[in-house]
């Protein structure tokens, strides 16, 4: 792919992300009516859930790239998988932050163990933070790529299993489950706003992913050239 | 079948190694007993049965960790793992052979831990025993794989707990749930699911953990 | 018939480039001697040929399956807590050697370890451990032998033994031997590769 085409694509992606996010924010704050029970505070839902879904998408993408690495043994997938995990963790942290804010405004606490979404992301955060520890303590090379890939695959298996576990745990530890009054009954306007925000977040993740990947690839190329000159 | 012959040879080797060196198993037994005693002092007088059960599971988890840190020590020191990896057998046989050894150690540790728990704290029901048995499989499955990963890194003893703990949180949920809930079946089924998912995943991916 | 074929072979360890741009062939029945100072990458090259490491650049083709490769590493690759018999029995099973007991007995005898067969490897001297490692590498009668400093730690008797053995093996098998004393095996070599 030629450089100018690649540059154009990048600009297009970034531009789309910006537009979608601005539109989404505008819709979320000015167009959509207040949610019946929660009121104005509920609007953070339009950030929180898209961010969470984007995080899952990033981890899923990372696992896909990991699978490709193990299947084809082509080393470029390692960088792609790693970058996707990185994005996933960034959005994961944002999920925790927005979730915490929402919990505070809804129930008065910055953290509630009864919120399944929040607890799940905490577990995932710990898991993928360990991913970075793993990468840090193994020398770069095919071995590290393999280990990272296997770990990333374990991650996506962990997501549904943990979700199930947290559901079961809720019965044990918290008779009262904290869940937001969103449920399955989104009105048309709410759903539209949600979709716009989701598209925005996904495009944002895509932009950041591409950006970081390109940067890392340039770094690697630079290093290669330097080596070749020695 | 040849595969199980390989697994048997490898498992026998691990048990033989432990019989010779006799360091891991006694350490695990002593550790779990000490931990239970520490818990007694750490818990206030009116602690619920749920909390005590929870702490038993914590004790078992960390005892498993102790055993797992030692899992690939013999192979690592002499790079013997390379010798095993070069052999024409399926690499997953290494995982299975080692995993069987880990389960054996866990069971032996629990043979001591559960009666001690019954003595110090409260009665041990059949649900707890079944839950522990199921949990052993899951812990050994992921633990063996992660131990091999950690063995390939620089910061082995530090890395293994970090990799292990998030991944086994569901086991704790299943275990404690089965022990205290009114519907243990649900939790035991969940443990079975965990075991199935992660045993298969570990079995299939072990090859990639020990080769390049 | 080429058993090993390398084109532009390179291996990095992180930022450190250990091997770079290697081209060589090893024909069937050939004897390649790899020389070079410490740190030149001799061990790395053998690990690559054995399949323990993957190349980070270039291409390496080894026309031998795992069951046909015998590898003598820098480390003996034996369990210190087990006896020679137990070690070789394990490897014997994994390599599916027919008439395992006889073969193990014959090798231990050949390398002068028969008397010590029930002693744990941790009590062995450096020379004895090296002999045991040689037994392990030769156990399954491999077609391709990769030996990393095979003479290291051997006493005079052991050295003579190995000289003999290499002579026989050079006739029948393909060998790659890394050593920083190429004179020892010089006359058997069909080609040499000097690493910087």
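The letters A, B and C name the chains in turn, as written, and every chain counts its residues from 1.
By our rule, contacts are C-beta pairs under 8 Å (C-beta built on N, C-alpha and C of every residue); 3 or more make two chains touch, one makes a residue touch a chain.
Given the structure is predicted, the values throughout are model-derived calculations rather than measurements.
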Arrangement of touching chains [line / ring / star / complete / other]: complete
More contacts between chains, A-B or B-C: A-B
Centroid spacing, where centroids are CA-atom means, of subunit A and subunit C in whole angstrom: 48
Inter-chain centre distance, subunit B versus subunit C - centres from mean C-alpha coordinates, in Å: 36
Centre-of-Cα separation between subunit B and subunit A, whole angstrom: 31
Shared-contact residues (touching 2 or more other chains) in subunit B: 211-212
Sequence positions of subunit A contacting 2 or more other chains: 139, 141-142
Multi-partner residues of subunit C (each touching 2 or more other chains): 53-54
Footprint of subunit A on subunit C - complex, ascending: 12-15, 17, 53-54, 56
Subunit B residues within the subunit C interface of the complex: 2, 5-6, 9-10, 13, 16-17, 20-21, 74, 77-80, 82-89, 211-212
Sites on subunit A touched by subunit C in the complex: 73, 75, 139-142, 223, 227
Interfacial residue positions of subunit C with respect to subunit B in the complex: 50-54, 65-67, 69, 71, 73, 75-82, 86, 90-91, 93-96, 120, 136
Of all residues in subunit A, those that touch subunit B in their complex: 70, 123-124, 126-127, 130, 133-134, 137-139, 141-143, 146-147, 149-151, 153-154, 157-158, 161-162, 164-166, 168-169, 171-172
